[in-house]
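Below, chain A partners chain B and then partners chain C, in two separate complexes.
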Partner chain A sequence: MAQNYDPAPEAKSNMGQPIPRYEAVQKVTGAKIYADDLPVPGRAAYGWMVTSAIAKGRITSIDYTAAKSVPGVQLILTHENRPSLADIKTFAGGGLGITDVQPLSGPEVHHDGQPVALIVADTFEAAREASFKLAISYAESSPTATFGDEGTVEKNLSEVNPRYEPIRFNDADAAITNSAHSIDVEYYTPTQHHNAIELFSTTAYWDGPRLVLHEPSQYVWGLRNASASMMEVDAENVRVKSPFVGGAFGSKAALTHRTALAAMAAKQLGRPVKLVAMRDQGFTHSGHRQETRQRVRLGCDANGKLTGYDHRQWEFTARTTPYSNGGLEKTVAMYDFKAARTDNYVVQGDRNVPTFMRSPAEVPTVYALEAAMNELAAKAGIDPVEFRKMNDTRVNPVNGVPYTSRSLNECLDAAAERFGWTGRNPEARSMRDGDWLIGWGCSIAMYPTQMMPSTARLTVRRNGTAFIEVAAHDVGTGCYTIAAQAAGERLGIDPRRIDVRMGDSRLPPGPISGGSISTASVTSAIAKACDLVDERLGVAKDASAEERSAALSGMAMPELEVVGSWVPAGMDESAIESLYKGGVRISGGAGEERTMFAFGAEMVEVRVNERTREVRVPRIVGAFAAGRIMNPRTAHSQYLGGLIWGIGSALHEATEIDHKRARYVNDNIAEYLIPVNADIEQVDIIMVPEVDEEVNILGVKGIGELANVGTPAAITDAIWHATGIRIRDLPVRIEKLL
Partner chain B sequence: MSETPDRMDFVSRRGLMKGGVAGAAILPASARAQTASSSEDADGTVPLQRMNVTLDVNGQARQLTIDTRSTLLDVLRHDLDLTGSKKGCDHGQCGACTVHIDGERRLSCLTLAAQAEGHEIVTIEGLGSENALHPMQQAFVDNDAFQCGYCTPGQIMSAVACIREGHAGSDAEIREYMSGNLCRCAAYPNIVAAVKQAKSGMEG
Partner chain C sequence: MRPFRYERPATAARAVAAAGGEAHFLAGGTTMVDLMKLDVMRPERLLDITQLEDGRYDFIDWDGKSLRIGALTAMATLADDDEVRRRVPMLSDALWLAASPQIRKAARIGGNVLQRTRCAYFRDTSYAQCNKREPGSGCAALDGGVTRGHAVLGTSSACIATYPGDFAQSLIALDAVVEILGKDGPRAVRFAELHRQPHSRPDIETTLEEGDLIVAFSIPDADFPRSRYLKVRDRESYAYALASTAGALRMDGDVVADIRIALGGVATVPWRAREAEEMLKGSSISEDGLERAAEAAFAGASTTEDNAYKVDLGKRTMVRTFLELARMEG
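== the complex of A and B ==
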């Protein structure tokens, strides 16, 4: 660890204070702040999902006898006896469902691990025992597992997403062909699973017509409305409680099968039902990052100026629901390309439906772009940091729309200085320390600045305290803390005197916690609420925090309550209506009236043992610029986690699939490798100050999904620099370096 | 971890499974297995086994009737309402369920509750309180050694034991001996910083 390592860096310009997390004491004392810990009325029954033993085919019969005879078993639900449910739409159709296949909808099996029965018993142990005794017979067909297997169906993305348009900007083909230097390479990125430490749990109980769900959620209003719709009950009668989420990374945004299963069982039994998808079941329950193939052709002139860029992506997806992330409209905006062409395809097989996972579109596509940038820089004999700086752009080259702010070059300079990049010998295998081959690599990080409408209720009190209520979510991001800071900075109140409540669908609606949306959206709604307080108190908008504080302490009433609402630029007030219906409308990134992105630069040293081929990452430096930083402590942790996710993505993480049975092989958290403490050495984070007056009220860009983008390209280039071996197929494991 | 004579009779669920039926012999003498009232089914289903135990948890004797198959983690969470210990895998892979048994770190998901009888169990709820944080808890707050917080109780219980074991001599040693506790938010360098801070608090 660096001598000057500071988990709570001091604020630089345009940054808030690095105060500790709002809930820090609760998190270190084991307080009941997660959905599965919340108390329920009466003695809960325990559910166990039985999942399909095949990936494709149908259930031919179910023998319940032995399972029913297990003492304590109360209920077995299958497609043969489940109550009626309405069909709901997936994200692509404007809904919140993870899949188009509804829970226990019939005997057909569409993927391995599909829930085929729910067993509920008085104890967890009895439910589990009965699950082994439920005898299900199947007629099995041969499934299609992944790329290259028999039975795949390839489609242009426009066939499944009418809004998708391939990019044709000048003649990329001619531009590349006529370039002084060019490359044409293919990359592969693997299936990955979120694997938050908190499992997918749902506890459901009914109070007359009212349904209460304790479920970790990245979108409680969305979950409320989607589950009400599926259960065919009034949304007003559904309440979702999820005060804190034990990690999500995209996996807790959708409506999965377990919610309706738990709710139906709780209704039939008249008691609370707790249902948890166990770790292995989680691999097929709530999506994953789909494996992709990427083909990149890239050219530059003799001076290193980029010419043409041609990027094609194939995403592996489900036959039932062709989920896709796309993303090439963003990579094409990164540099000063003179011509570009992109095409996106989906390839379908007999798999569970993918979903978004931390920087969904950006992780695979930016890896491919940045790996190609490194390869082309080496071919052209130009330093890869210089190569990026000389191809910087102030506009999206495809449509000429300016960036609201773009501090990429400042990030490259800051990272290079801290890392000591200058003087890097460009030759591969030029550095070693005994048996260890040493290499350096770099990449950019980027993430679109995205926003969603939000509301926030603000109560200010004469005694100098305040209260914020918004159904936003804290998935570990520090959302409660920055909400208190946003109000406190404006009102002149110490944020520690501001109570915050989130993660409950009874609160005024906030944005989905996805797409790094929350801070930008929630602080904007809080700013709007503060405007209303000013109006009610007759305080000038440009008043100082002290003047405002004085006005508050002189209020006639003991407290004043307002509800602020905010919609991002380019949306009208109907977006608030949509928010109240649990809708998801997101703006930002490329393709808006302004081009909005946060940027970073990452530099990494790797050591590859010449004899064992073990790869270590002794140090990594990341420099990031993302508008206003609300709290340098929580921001530092998000960047830290992101960089380590990047290391994991490059070197560890991959879900292996059995090609014959279309089944995940390493569906546990010991064989699905994620970085552990011993894998991580020196991590150095620089927050480059940046002011953006256009993106939203406080000038905040989302950072949760920034730092893990690009890292694998930096690491694979460092491995090439150390060994002379180009690996284009992630993750880089020992066997690929032999 | 060092072997101590007074915990030689302590066998984990993993050891029990390895040992097969012979494992039943290690149940504490005080365990009183009972057969539930429901009779054996015609097809030979084994009836539910229940037993009475007294568990010493956070300094309190807790009497309860449990399923003989229950893990200590499930009994803590389901029966004793001590939900600070977390279930992240139920397979001894993630460390989120780490508790102290006779002062040593143990995975409560791989420990049968029945086997914990007669041993001193400390969970995160017994380590410190909101108004009197253990130095390790304070160090985790000070160093932002978590994000989502779900692995945190297990990390803290492991970290306290790591210092007690004498495995916090260097950054590298802390990293190695804290690698049984996964943190998906990846707060690892902050966890190392917290262990170093608490080490002086605990030893000083």
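== the complex of A and C ==
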């Protein structure tokens, strides 16, 4: 029961209008068209991906007979007969591939669920039936599933990523050892899967030399270029369409195996091929949040001033591809540490490759830092909110680079006031209601303000309407509406009169929709385009809306088209070239010239049944400051979803791994738990006004990945406050509290 | 999917005559179709029984203190029945706390008691070992698998899969009787005899014979206003029980006159804790007494590293159920 759902938060200072996203009604009524709904020329064939039933070994033989005899089967592709493909690099290597292993590249099996065959038939049912009959024999060897299992290989991140530098800032060891209070604790975070409602679908067809892909994507230009180079065709000849994305959270950013599989089959059959990785296949197809171990040593003096901070992270990754999210260069910037040291390791086993998942680096590392902050505050006998305020910093302590803006204390105050934090009894087990133990906990949320170059084509018309084209993406956030608002505010046009087109690689390139980059980058490019309109119409920059609309209606030609392009501070114009090649160059966060972050404060109440130990979250308050808020309503949705996600991260979400077989066992959304409505009661969101004139043209910080960061630390602290039990491995399941 | 034939027999007798071998009944299909999509069940014919004889098996009838419920009653219908909620809340609770509104609307209580285990190795045919799916193939769960959800009571070395349902716990607690129409005509068996423990043949889950159609459940003595179903799980809704208790109580002053205890989420079959009942009958309700009874209820438990917590949680769930029932107005 979300009791106080506020459909239209008011616009405070430095906030745009809370207009509902324009496609809202179409979305809830099912009228909106997603990639898989787009029409195709001619009769499509349907693919079924056969995935490996083992995590390690090799295919010894494949018997096609029975499968081929299923009526309607048109094609079975395996490593024995697949056409040639060029190798594709992963993100770490400057490409877009999810893995270093190319589709159907050989008999070796590197992880559970690796695609080993593609069956294409006239109907989905026939392809599925044939999949039951394709007899694949394996020689299986014993796989390594996760931490602690035999066969893991641990490497310092610097061994696999030459650009990685561990932080050595003063003598953290000595600082901690000499502290009045210190802790040395280990935390664990589990594998998690995005599980967006929309599955991983790809439809491919060829029109002569041209390849068309309908695929939900967080980066249509990247996908266009990566699939072109993989298929060895000219990028100009590939078009990716992804008008709306039904949830992504990072899982639709990379090039996965299915794209090449569908494209190859479509070429061979000369007809469109539709392919969907099913829910269980999705668990091994497009990455996950890697499980981590974190060790934090933290000290403070007798007054509660932080001294040293030592944070080491181990990330579990694939044997084939040493993926890492890192993140400790950001946690060290959070407080006024006097000394710090970080180390990051990757641990490899026989698993598929992890990928970005909503706040990829921040979720595990900030959880560990914030949980440690709570533990140290308790040990030092200081209120955890006070503790954070007294250790606030205006600069990144490691390099002295100032924050462009930082409103953490304002967030802490706003959340504390709404929550009624003051007067919290510091003792654990000090509050109860009948059989239910009650506890309060807090954490900060943070997310680096990141940007990528972007372009935007803007057409203004004499009749007072306008048109924006940019290959950005609406992954459910309201990006179309916000683009219209950004232009509308500048041009003095009602955003409803501005048409926006996105999600098509024919449009001028926009940034990847990841890292909470979109709004900041796209609105900056739109602002640049608006400047060009001003220039062309001879309107002064500070002209009023009336003057502007007079200039527009007085235009000689019926319409005027401009293309704005924007590069973030610190990047040169070559970044735009890279964008046109589908590259990913991101700046922001803990930079060399600016420290740019959005912040939040979260406070939560939990109730734990004294006997059976179920944990409930009756209320959670989050206060966030993130520069200009383009639209408080869509921002509210992001924060709301983020807090709920955070509750899930703390209490529900985890992919369970069979240690013996290195396979995911709860690979469906009945058993992969996320909160349901009944788990969520009161969620309060406060948007703290903040002005930042440095981050980008409009002063926008990304918010999509802010609110879910830190929540688990607030909840575990509240659980400790209720029960006296410190849980340091997530999620907090009942058995840990018995 | 594999091709299959869909039929809709007009009468129960014809459905029974047609069933057997690879011809299976289809009620709401929430278990059957799910497992067909996973290729775990491979029926050649599906006999849709939802419209048999114009709803003849969709009823809720009270006769004095006895209650009869047609097997084709939807979970949602029974859950929402006012008289049932008032006179025997544990029946309604168990359904309310099960699955989701959509599933409860589609699923029928006959199919409900026959739902299959959620053991991941049973539900995914790419695992070679599962004695329930492929008799004699071994048990992936016991052979190093993830067993957090698995049973601790009524297990065997061949299978430790949990019976996942909720409603069956209330039926077994209430001494329900299953009314069956078989190839040799109608008969009745005690609900407690419907399910079989795995022993060496976990693939044989019930004592039903080929073609047996469950037509109704009857509960001769169903008046238990002081009853409830407590379900402890990983989230507030739409999750199977980690441990649950169907509990009913009749007091004579301070003394327990009648007590019914069934345990869910912890056993391979619907599980009645009769020893615990015997220990509590004739005395007053105390935390100590409940704890001793709970100890007895789980005395025979056999655990793995992953599911050892279920013994403790199961006991706590049982104790909490009765402490709360004792507080309820008699």
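The working rule: the second predicted complex is superposed on the first by the 732 of 738 C-alpha atoms of A that agree within 3 Å, B and C clash if a C-alpha of one lies under 4 Å from a C-alpha of the other, contacts with A are read in each partner's own complex, and residues count from 1 in each chain.
Just so it is clear, contacts are C-beta pairs under 8 Å (C-beta built on N, C-alpha and C of every residue); 3 or more make two chains touch, one makes a residue touch a chain.
Small disclaimer: the values here were computed from a predicted structure and weren't measured.
Within the superposed three-chain model, A:R733 lies in touch with chain C and out of touch with chain B [touch as defined at top]. Using the contact criterion defined above for the overlaid structures, shared-chain residue A:V245 touches chain B, although it does not reach chain C. The wider contact with chain A, measured as residues touched, comes from B rather than the other of chain B and chain C. Of the two partner chains, chain C is the only one that A:E656 touches; chain B does not reach it. By the document's definition of touching, of the two partners only chain B reaches A:A8; chain C does not. When both complexes are overlaid on chain A, the residue A:E125 reaches chain B and chain C alike. When the two complexes are overlaid on their common chain A, residue A:W566 makes contact with neither chain B nor chain C.
In the superposed pair of complexes, A:N677 makes contact with chain B and with chain C alike. Residue contacts after overlaying the shared chain place A:Y34 against chain B, while chain C stays out of touching range.
Overlap of the chain B and chain C interfaces on chain A: residues 125, 670, 675-678. Those residues of chain C that touch chain A in the shared complex are 1-3, 39, 118, 120-121, 124, 126-127, 140, 143-146, 148, 230, 232-239, 242-243, 309, 312-313, 316-317, 319-320, 323.
In the complex of the two chains, the chain B residues touching chain A come out as 36, 38, 41, 43, 45, 47-48, 67, 69-70, 74, 78, 82-91, 93-94, 96, 123-125, 128-130, 133, 137-138, 140-153, 156, 171, 174-176, 178-179, 181-193.
Note for the complex: chain A touches chain B at residues 1, 5, 7-8, 20-21, 23-34, 36-37, 46, 65-66, 69-72, 123-126, 133, 194-199, 244-249, 276, 278-279, 475-478, 633-634, 636-638, 640-641, 644-645, 648, 668-670, 674-678, 680-681, 683. Against chain C, the residues of chain A that register as touching in their complex are 53, 125, 128-129, 132, 280, 435, 609, 611-614, 616, 651-652, 656-661, 665-666, 670-671, 673, 675-679, 733-735, 738.
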